[in-house]
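A, B, C, D and E are the chain letters, set down in written order, and residue numbers restart from 1 in every chain.
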Amino acid sequence: MKLLEVNSVTKKFGALTAVDKASIFINQNEIVGLIGPNGSGKSTLLHTVCGRTIATEGQILLQGLDITKQDPQDRAIAGMAIKFQLARIYLEKTVRENLLISLQAKETIWSQLRNKSLAKFEEKITTLADEFQLADYLNEFAKSLSHGQQQWLEIAMAMASDPILLLLDEPTAGMSPKERADTAILIKKASKKCGVLIVEHDLDFIKEICDRISVLHQGNIIATGTSAEIEKDPKVKEVYLTRV
Amino acid sequence: MLSVEMCWGQAGIFTFGQAALFGLGGYTVGLITKNSSITDIGVLLLMAIVIGAVAGLIIGIFLFSGKRVGELYVVLVTLAISYIFERLANSWTVLGSGNGIPGIPSPTLFGMEIKSIIGLFILAFTVFALILFICIFLVNSQFGLTMNAVRDDEERAEFFGYKRSRIQIVVFVFAAVLASIGGALFAVTESFVSSSMTGLGLSTTIVLWVVLGGRGTFFGPLIALAVLQAVNTKMQEVLPSLWPILVGLLLVLAMIFLPKGLMSLPATIRESLRKKSSV
Amino acid sequence: MSEKYLEVKNLCGGYEASQVLFDISFAMPRTGVTAIVGRNGAGKSTLLQTIMGFIKPTSGAILHDGKDITKISSYSRTRLGIGYVPQDRPVFSDLTVRENLIIGATRLPKNQRMNLDPMLEFFPKLADRLDQKAGTMSGGERKMVGIARALIGQPSLLVMDEPTEGVWHGVVEEIKDRLISYGKNNAILIVEQNLDFVTAISSQILLLERGVISQRVTTADKSELEQLRKKLTV
Amino acid sequence: MSAQIIRGIFDVLSLSSILILLVIGMAIIVGMMKVFNMCQGELVLLGAVTGYLCGIYLGNLWIGILLAPIVVGLFGLVLERTIIHRFYINPQGALLATFAIGLVMRETLRNRMSRQGTPVDAPIQGSIDIGGASLPVWRIVIMVVTLLLALAIGYVLLKTNLGIKVRATLDNPDLVSVSGISTKWMYAGTYAFGSALSGFAGAMIVPLQTLYPNLGYDNLILMFIAVMIGGLGQFAGPLAGAALIAVPGAIIGQFISPVTGQILILFLAIIFMRFRPGGIFQRGR
Amino acid sequence: MSEIKKVRFRRSAAIATSLAAVLVLAACTSGGSDTAASADNAEPVKVGVLTDMTGAFGIVGKSNEAVAKFTINEINANGGVLGRQLEMVLADSATDAAIATQVASRLVNQDKVAVVVGGVASFTRVAVRDVIADKGNTIYIWPASYEGGECSTNVWNTGSAPNQQVDPTVEHLLAEGNKTFFLAGSDYLYPRNILARVRQVVEAGGGSIVGEEYVPLDMTDPSNLVSKVLAAKADVLFEVVVLPGTAPFIKGVVDGGYKGKIAGTLFDEGINPLIGAQAEGLIGVQDFYLSVEDPFTKSQVAKFNEQHPEAAGLFSATFNATAWYRSFYLWKAAVEKANSFDTAEVNKAMDSVSLKDSIGGPVSFEPGTKHVNLQMYLGESKADGSNVILKSLGSIKPLECK
């Protein structure tokens, strides 16, 4: 069984068709990249997967479970986690609190009231912080982190819930080469625990870490394959590879 | 007041309807004492809690279950609820048709009557302190963090798997219970309830305290309350007709210059000083 | 490069706390296309937005035709003849194509305003869609309307942020032709990622890396151009 | 009996047109600009005051009706430039700030008044007899004026250059400014225009009521609900929303007690909005 | 303890400390001057004046304050009460029950006033009477025409009771040959009680009620109600629609071609001018009109207008001006009769005191009723809002607290 299956999903906004019968899939421990020019429907496709918008047509299966019309919170409970394009972390909270917010999301209100899981999570917070190079900043406010660190924090928050599927929307936007390289390592590490879907502008980055790449153009998947296959595809060349 | 701070400050639910729930608590006590011989404060508060919770639950479910609604919608609905409740309190004979329910007997505790002002003050203060303690505990608990998470970014929280609507309903019910207890306490200490304590006036006054004190901080609104009430009484003697205008102006100025409330005053001053010195 | 129609001097700026642009200086002549290329996040859009007056620079100056325009508002800049096609939302989506064009023509004298013909000659495809709401068009079409909207005001300097982004091949060719011909009599400043496109239309290319202009290329110089291409496609 | 039916129909039309007239200004400020303007009622009040003062000092309410939109429009302009413009990015702030402004205006008037209320006579008094029902002329004037005004503004917004500019500004302010139009003044102008319309409504309506400080505030909730039912982001919706609450309200009012009727309408409106948050003309998004 | 907990704990400690500070502050402001002495004979006696200086009834408050000042000054000029001067303590109840109790409690507990006169709205009376009369053990005089039924200990009513206004009005209308009545009022206690009394008297007198309708308090456009009134074609419209609805309602009815009589309990020079020319012919019964010819009344009103130009024109029965005036004198009479300021003594004496001269005519407490016998007048409004007295009804007994 595939981890995630997106079967000919269409999303229309009024008269505008943003995604047109797009199909992708992800296997366990696989990193799949989704590329395409701005406005090609990458983000929209990702949103139908994460539940921000509901697909007009088509079907989305997570481990065989139909999640096409589920709420985001149900998808999260089913094992999906996301990092948004612009890091959406809690800037007025400390790094520790941010991680805790993610960790305790599925706790019941009653257990939250009793601070029951605090001790349990403490260890996990430390591990995560070490992994994402945030250990020194645990008690700093998230707003005082650098741009790259904020991105990492959000990935860490996504990983905190031990997801089976990790969705990353432009994880390297605005990062320095060093940070980018580190991010690649982090994502590779993460993929040992789950499947990863990355939407990204940066072709080099995608080529480097993805097992498979799908190219989206004007709402259609025009090619899917390994990076070598993609690079050879004439259609892809035409719309994409001449661009920086 | 704590109720609005919980709702708005901590969980980001902007409500203008707390007065209706305050009134509900008050009228609950009024009706019970009028129609039965129950005066035990414990029983009365319990009833107020139950009624407040039920009302909060109904409104909360209506507002927050299912799809998200805009905050302006919440404002409008709570405003309308306050309005409807005030209207009912004015017209409904059972509720005293605008005159309210007078002559609520002094409360008893384990059969002992609390009659003196000091006694009532201690009673009110004890309940208040208890509630404040619970609030502080709540805010500092993991659930407090959850509330903040929902306040700062509702959608993000959903993507972590938080059951947003359930959390908002719980907070709203809790706030409703607080308001209801407040109303009940008011009723027993002042020994009457009337429609003017349910209306828009009170709702907006409470919001004003929270705004001036600083939303998201607990003791900001408390200080604003203490200061404003003290000033209020004095000013109403000195400048009776100008005072409401001054309050309005104060609020406008606060909105412009101190959007985060009084509690941010020191920080704001520091900030502007730093700016000046660096120029 | 004798004439400096637009001159940017030692420009620094960015958003709130984070500085994005570092000491940017360049100049462009009264006619011809200047392109700015660079990776995502290099500060290209920020630079254009600063030139258009949406972002206040922390230091430096922007001169238009010798006059300092650093402190004047966006709309005054447009009245001086600087047109702009933003990257996101290049059109008024609630308005029809016709209404979009009418707004674009605001800076012209009254008697020329309602004349949409030149633009329809420029983009014949728009003619039969004049009464369609711009919001219901595809991304490429919207870009086209956006460009038409900016061009109808006959700017002597046209500033464009990624005009071909998300636009289908055929349309890109069309836009390319239009820009080349417009650039003969006017100045055009574009930010673009499509290097072929850029090479075809510009006379000079500036490479922006992390808020700094790291390379200036004259398109006539083939070796420089090749160097740039390599740098960007690694 | 037929006279009664005519009166009934007249009431429905009259009440709806009054609410629509009140809502027109709000349709612009709240509906189109999306500023949650809690002092809209006080703008109506200011219009009423202007009308009244002209009635007293110039002896003619007509002048007041003409002057009211100018005075209130200028007031709106000043208000926008000094205060409101700071809150476009902060809707809750806008709500509170405008609430406070409303409070100041209301209390100032209360302070200046020497009576609980002041009657204002309509410039055209009297009634017309139709089918045995005697219908007040001023209400008929209001109906006609409301209809004309709504059509005129609709025309201006949809067909004229100015209207296009206004819609463009509210749609995409940055793009407007790079078309050579000052968004600052477009916003201010639009707010002033919305204020002017409310002022006009105030001067028109005051002869039907008395001039008293809560004149506008008492209508505020209904006005807001009309706008919300109609939907934000457009002009026509709020007017339809006003009709949608006024018409059934007026009809229900003829059969059951107005008190129950009003509460019922509020309830229905709340429930309606819950299930159609985008308003009547909700788009498929 | 985890790191988070520690930080949070410190924060709560800070909050708790500052809370304590706030409470101390609050205690300081509320405690304070409990030590005010009331023994020394030379000291003036404090008299509480409670009225709505702000809020919806602010304008009534202006009138009340002026009348209170006028009366107290007059009493002081004539030697005070038991040789002691009166000192007026004004408290603003701000048209809000909760504020009213606060200020009332201050009058009683802090200022230690000997008597409180005041309240505009019934809800204020209900809210403050326990604080003043019961818990505060202080005489409370309620100087307003109201819905009736106020019989609490230490509370004395000096305004007209429903029967004093309603009965003669209805009897007059029935005698004129009017048979059918339509009742309309705002939806709260006062109009409901008044109209209930109207129904009783009409039915007892052989008339019939053809309709009864209530509108929301803040209703500004009464078109629906107007249509119902017109449809009913009653001989008499008895209305208690309060401001701001009064004027639009009556205008609507008159302009709509209503042919019958319009009567109410709230028509006099204070209200009628708000209605405009349509006020012509409005019928009502009050304990005072400006056209009352009694020489004492005439000279006093002239004096009042001279001394209080700011409130000239605000001296009217519907603003309770006459009731305020007699309240102080009735209390003075009771104190002098009891020869003491003591609440219990004064309370005893109050039951049967009377005044030969008061604005509007002689007045006395009807023993055992806590209400006053009043001179009443049947008045009819002219187009300018002034009233012609159709008939002087003589003294009418209150039918309350039996």
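Throughout what follows, contacts are C-beta pairs under 8 Å (C-beta built on N, C-alpha and C of every residue); 3 or more make two chains touch, one makes a residue touch a chain.
The structure displayed is predicted, hence computed values, not measured ones.
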Contact distance in steps, from subunit B to subunit D: 1
Farthest chain (mean CA position) relative to subunit D: A
Averaged-CA centre spacing for the pair subunit E and subunit D, given as whole angstrom: 36
Distance from the mean Cα position of subunit C to that of subunit B, given in whole angstrom: 53
Centroid distance [mean C-alpha coordinates] between subunit E and subunit C, Å: 74
Inter-chain centre distance, subunit A versus subunit D - centres from mean C-alpha coordinates, in Å: 48
In subunit B, residues with contacts to at least two other chains: 87, 91, 241, 244
Sequence positions of subunit A contacting 2 or more other chains: 14, 97, 100, 115, 118
Subunit D residues counted as touching two or more neighbouring chains: 110, 259, 262
Interfacial residue positions of subunit D with respect to subunit C in the complex: 161, 164-165, 167-168, 171-172, 174-184
In the complex, subunit B residues that touch subunit E: 87, 90-91, 93, 96-100, 102-103, 115, 117, 125, 132, 136, 140, 186, 190-192, 194-197, 201-202, 218-219, 222-223, 226, 230, 233, 236-237, 240-241, 243-244
List of subunit C residues in touch with subunit A within their complex: 18, 37-41, 87, 135-140, 162, 165-166, 168-169, 193-197, 210, 232-234
Residue ranges of subunit E touching subunit D (in the complex, touch as defined): 54, 56-60, 187, 213-216, 218-221, 223-225, 227-228, 230-231, 243-244, 246-248, 251-252, 255-257, 271, 273-277, 313-314
Touching residues (chain side subunit C, partner subunit D) in the complex: 52-54, 73-75, 77-79, 82-84, 86, 89-95, 99-100, 102-104, 106-107, 113, 149-150, 153
